[in-house]
Amino acid sequence: MDPTPREEACFEAGIKFGALYHQFAGTPVSSESAASLEHAMEDAISNQPHCESVSVAIDPEALDTTHGYTELTGEHMTVEIVVDYENRAVVARMAMDEGYPLMRVESVSE
Amino acid sequence: MDPTPREEACFEAGIKFGALYHQFAGTPVSSESAASLEHAMEDAISNQPHCESVSVAIDPEALDTTHGYTELTGEHMTVEIVVDYENRAVVARMAMDEGYPLMRVESVSE
Amino acid sequence: MDPTPREEACFEAGIKFGALYHQFAGTPVSSESAASLEHAMEDAISNQPHCESVSVAIDPEALDTTHGYTELTGEHMTVEIVVDYENRAVVARMAMDEGYPLMRVESVSE
Amino acid sequence: MDPTPREEACFEAGIKFGALYHQFAGTPVSSESAASLEHAMEDAISNQPHCESVSVAIDPEALDTTHGYTELTGEHMTVEIVVDYENRAVVARMAMDEGYPLMRVESVSE
């Protein structure tokens, strides 16, 4: 069957999460540079079609700074993205869940 | 509203496309190295949850080899990904569409 | 032969260029989001060892905005990085040269 | 001062390491997919100018497979790259050193 608008909206939300994660994973990050990275991630992904908002929070407590900085992974951040596709809004989040950076759909508007 | 299994399946398919694209965009590629890159992209993304199959075709004709190689972008490839989430199968594709690497859901099973 | 300190300094400068380029190539970018991406690239790479300064300039004129945004490549930016390794300073630059984003060492201190 | 050919060779070797690391860090990898990723990394970076050989070994023992796969980082691999720049050969390696993926020049030919 063809996808419904709600299903397309969910597909679009997934694209943004995969893009955000795999574009920026591996970026050198420290507590000093976390804020500029958060902003760049938000602004970059917001460029993509149907993207209403992107919010990235890097937890400075989660950064291992034994060597002064570390490389960004899912352990360090929570992300919320809102997509609007033909007036269907999808809210999706990424957060750690039992050691895995789980991405999931929170809600889809009717 | 909570997402349906079909909507979750579409979200999962989107994640795989965003991941594949943004992990590998920028990789140095030539007609000689295209095949090993295709295989690695397929195998890498197939590791992700709910991923049934990944098929990547890099078009050697699309590679600008003025400098011997180029960097992979959406212009160079078509991708098909099949996701199975709680017995809902999603088939999604990426291909060039009017100069833009368009990712879209082809079908969702009932 | 073992490398000299000047040679090690050049190796370190090369690492920073390769890292910057391949971490961020493919990032969605528009004239609105270029500034936050420049800052994040500068701050991220500055975390790496022996890095004195990083300066990234994304040229908004070079961005193809047919689709509202594009993906960052070497065509869009010039970069200058200064490395200090055991008191040897290396200044290196990346800029377009006959269609290729050429990275080169400008000077090495004695 | 201008760089010597040996210094340029070291700069080129550094570029390859930074590129390899930051292009592929974050790639989903399992013991089943490690071999195709190794080959793709070798072939991709070998495209770059002055690159004589690239050898990547991903250690399957180092992969955390609690979730079936993990994301590639420096902990999982050793890399050797040989660059030839105007007949100066540089051999450089990346391996873990006290918890840090250290990249270093092993030797530079006269």
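Per-chain numbering from 1; labels A, B, C and D assigned in written order.
The rule is short, and it goes like this: contacts are C-beta pairs under 8 Å (C-beta built on N, C-alpha and C of every residue); 3 or more make two chains touch, one makes a residue touch a chain.
These numbers were taken from a predicted model, which means no experiment stands behind them.
Judged by contacting C-beta pairs, the busier of the interfaces A-C and C-D is C-D.
Once the centre of each chain is set as its mean CA position, chain A and chain C turn out to be 25 Å apart. Spacing of chain C relative to chain D, judged by their CA centroids, is 19 angstrom.
Within chain C, residues 19, 21-23, 26 each touch two or more of the remaining chains.
Chain contacts here are complete: no pair of chains fails to touch.
Taken in their complex, chain C has these residues touching chain A: 19, 23-24, 26-30, 32-33, 36-37, 39-49, 68-69. By the touch rule above, chain A contacts chain D in their complex via residues 21-22, 25-26, 66-67, 71, 73, 99-100. Those residues of chain B whose C-beta lies close enough to touch chain A in the complex are 1-4, 6-8, 10-23, 90, 92, 103-105, 107-110.
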